[in-house]
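Given below, in the form of structure tokens, are the structures.
Two complexes follow with chain A in common, the first pairing it with chain B and the second with chain C.
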Partner chain A sequence: MTALARLPVGVRLAVLARSLLVQAAWNYRTMMGTGMAFALVPVLRHVHGEARAFDDAVARHATLFNAHPYLASFAIGALARLEAEGADGDTIERLRAALRGPLGAMGDRLVWAAWLPMCALLGILVSAAVAPAAGVALFLVVYNLGQIALRAWGFEIGWSAGTELGRRLRELRLTRETRRIEAAVCLLAGAVSGTLLTSVAAVSSSTLPALAGIVALLAGYAVGPRAWRPTAWIVTLGVGAIALAGRLLPL
Partner chain B sequence: MTDVLLLTLVGGVVAVDGVAAVQSMLSRPLVVGWAVGMVVGAPMLGAQVGILLEIYLLVAIPSGGGRHPEGGTAAVVAVVAAAAVAPSPSALAVGVAGGLGWGWLAAMSQSALRHWNERRADTPEHHLDASEVARAQAAGLGLDFVRGAGLTLVGVLAARWIGPALVPGWPVGRGETYALMALGALTSLGVLLRGVAGTRGRAVLFGVGLTAGALLLGGSA
Partner chain C sequence: MSIRLFRVDERLIHGQVVIGWGRRLHPRRYLVVDDALAGSDWEQDLYRLAVEDEAEVEFLGVDDARASLADYEADAVPTVVLTRDLASMSRLSEGGLLDGRSVNVGGLHPGAGRRPVRGWLNLGPDDASHLRSLVAAGADVEGRDLPDSPVVGVDEMLAS
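Take a look at the complex of A and B:
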């Protein structure tokens, strides 16, 4: 924590602000490498000044890197710490390589598969029960409180852990927190499913559409992620086919 | 014309928010659907299209370099398409289907932009300095905005032109159209559950939610 206190607040805030653009130049060669270098520039300038070492450090961080965009802040903090401690290039590269996979996988599960669905389903339910504006506002506020807190916390953890970030990540038990959010997703997905099924039954004169809805829900569950692309295509092409049939056939 | 300009700007902003900057989720269909509904004078229809698209796209995880439908620009086009044919019973279907289709086009354009960004990326022969990094970032952001705005402009004009052509022969009633769109959304919810459910405790939670949703909110969708 002594080292953390030596990094000026202005530099830390600049790094956090720049980390919001970590995917701005995302590409298939270095992925978010350019964005990582961009986020780290304030720290590198603080540590190295405008010397040759600064250019070397920028170049080092602009190479291949990828992670979840929010959890990249863990890596940014740890890499900033290593630069501040004057670690050699090989040590820094080893840490970058070690963090690439885990931070991506953890973030995908925590944010894209749990936090985002939880917040969105909550927003949908409030939209239906209260008003769309209330649902949208709640979704944006809750989601962004989480993402900003995660980014700021990630940088602090990364900075304090340095090369020990892998061990710290295991101690944080993010998987346990992810499971709790997933449980909330189950509850909220159930509520949205119940709402949809009863509304389908309400607008139809028979129970057939509601039964078809239950089958659709079960089919999605049974097939899993492979089902959503075909579903989207069937809906898109199906609507086109219905419109075409309505124009061409005397229905 | 003013609303087309506004929608074009919205398209640019949500395209950037989707991946390149912040990812505050202003670009989610839930948000865009409601906002664009307000712009085109159809707030409830916009919210409905946005909610359905949100459920469809919740399972399209934007991880790594994978190509996934872009929800933001798609939702702008979807709501404009739906509003263009309202009050026809086809409005919801035209909106959702148009949005899903446009989302794929947007994904392809995003992929092309990522290839273009490679030109300004680090190579073994040329390492970037700080000013080149800043220029690459600015170029990536600017081009993403232009991509989103351009895509949205074309989509909005196409939706207003093609949408009404689909209406006259639409052979399905409003209730059945809604049911068809809901079937796709329920499939997506099933896919989502596959990733998070699996234990008895979570099945119970899902059941509790299902019952509560059916009893408390059934008439409000």
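Take a look at the complex of A and C:
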């Protein structure tokens, strides 16, 4: 096992680079199966050489699989470990099957609902407060450093855990980290709202921001998460009442 | 009746089940009936991750599930019962255990030797006989991936 644990750096880097394309051949039949096989090729070649076993292994990983594209790297690492250990095809298929559900759900919450909005709000805040180009550059750098680090870390966790990945993921408590990022999203949303509301444009023309607010509220009501609708109305009516009081009362 | 749904789904606990059906039925427990998974801790750990905090997940072999199904039905915890193939659901239904109950078939994916009924519904060579056993045992079988999707009748599954 000690020899196996030392997967060459070149193989690791090749897997990381290929994992960026894990969704490139996404389709309804195998979902990201083709991408998983593509990402695993450097490991499979290292383990099986160019023989028949290599072809069989590639075919095994090209079947139906789905996960969040970044968290797929946890699966890539764990499956690479099983291939390196010479696990039987049945165990590998059972690991693939069990990983299809949780990695998608965890990734949706961690990345699409937390990390992406946090980075976007950070970029908007810097765009408004410093310079638009600086905000765009900051968003691109921070977001992508995070997702590439997540992929690299995911592979290492998967590789070290193998079939114990479920226990390892529970110990990592990614849900707790997700909640921390969600808290940062709320903080930044408040900062961005404040920055935009107190900007010159908002003060000099009161009609446009009000119209934009109404449109945003209706759009949010139509397409937003059901659970937040009452909260959104209360917050909007509260902010509206304060704004109206500020205009009507001679303070 | 505490059991809100009997469902056959290869992926067991995943987005369609937890979000699509879960938000409609509000289960506090998923009971996975599968002989292989009942004895495999590492696989159970992985399947449990998909519903962290929201509901408990239990795994039972088919025979154990048959013996305790009445207890699950009698206690107060809203439950979704899942199998990953028609064979396990058919065995669960033997002797009229699912008589009069609705059995939902959703998420049987394409594979070698399987014929497509819908993109998400593909039947293997033995599945027609499992479907007939379920119907004969009194179960009301319907194909449907999500609660608001159109229903695929058992006749269409057997005919295609």
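Throughout what follows, the second predicted complex is superposed on the first by the 191 of 251 C-alpha atoms of A that agree within 3 Å, B and C clash if a C-alpha of one lies under 4 Å from a C-alpha of the other, contacts with A are read in each partner's own complex, and residues count from 1 in each chain.
One rule holds for everything that comes next: a contact is a pair of C-beta atoms (placed from the backbone, for glycine too) under 8 Å apart; a residue touches a chain by one contact, two chains touch by 3 or more.
In this text the structure is predicted, and so the values were computed from the model without any measurement.
Enquirer: Of the two partners chain B and chain C, which one touches more residues belonging to chain A?
Expert: On the superposition, B touches more of the residues of chain A.
Enquirer: Is A:59 contacted by the first partner chain B, the second partner chain C, both or neither?
Expert: So A:59 only meets chain B here.
Enquirer: Counting only touches as set out at the top, which of chain B and chain C does A:17 meet: first, second, both, neither?
Expert: Neither chain B nor chain C is touched by A:17.
Enquirer: After lining up the shared chain so the two structures overlap, which partner does A:170 touch, if you call chain B first and chain C second: first, second, both or neither?
Expert: second
Enquirer: Examine A:28 and indicate which partner it touches, taking first as chain B and second as chain C; both and neither are also allowed.
Expert: Both chain B and chain C are touched by A:28.
Enquirer: Mind working out whether A:106 is in touch with chain B, chain C, both or neither, as first, second, both or neither?
Expert: Touch status of A:106: second partner only.
Enquirer: Of the two partner chains, chain B (first) and chain C (second), which one does A:97 touch, if any: first, second, both, or neither?
Expert: So A:97 only meets chain C here.
Enquirer: Do chain B and chain C touch any of the same residues on chain A, and if so, which?
Expert: On chain A, the overlap between the chain B and chain C contacts is residues 28-29, 63, 104, 108.
Enquirer: Would you pull the chain A residues touching chain C in the complex into a rising list?
Expert: 28-29, 63-64, 94-95, 97-102, 104-106, 108, 163-167, 169-170, 175
Enquirer: Of all residues in chain C, which touch chain A in the complex?
Expert: Listed in rising order, the residues are 10-15, 18, 36, 40, 42-50, 52-53, 109-111, 119.
Enquirer: Looking at the complex, which residues from chain B come into contact with chain A?
Expert: Per the touch definition, chain B meets chain A at residues 19-26, 28, 30-31, 34-35, 37, 43-44, 46-47, 50-51, 54-56, 58-65, 69, 90, 93-94, 96-97, 100-101, 114-118, 120-123, 127-130, 133-134, 136-141, 144, 166, 168-172, 174-176, 178-197, 201-203, 205-221.
Enquirer: Looking at the complex, which residues from chain A come into contact with chain B?
Expert: My answer: residues 20-21, 23-31, 33-35, 37-38, 41, 45, 54-55, 58-59, 62-63, 66, 68-70, 104, 108, 112-114, 116-117, 119-121, 123-125, 127-129, 132-133, 135-136, 139-140, 143-144, 147, 182-183, 185-205, 209, 212-214, 216-225, 227-228, 231-232, 234-236, 238-240, 242-243, 245-248, 251.
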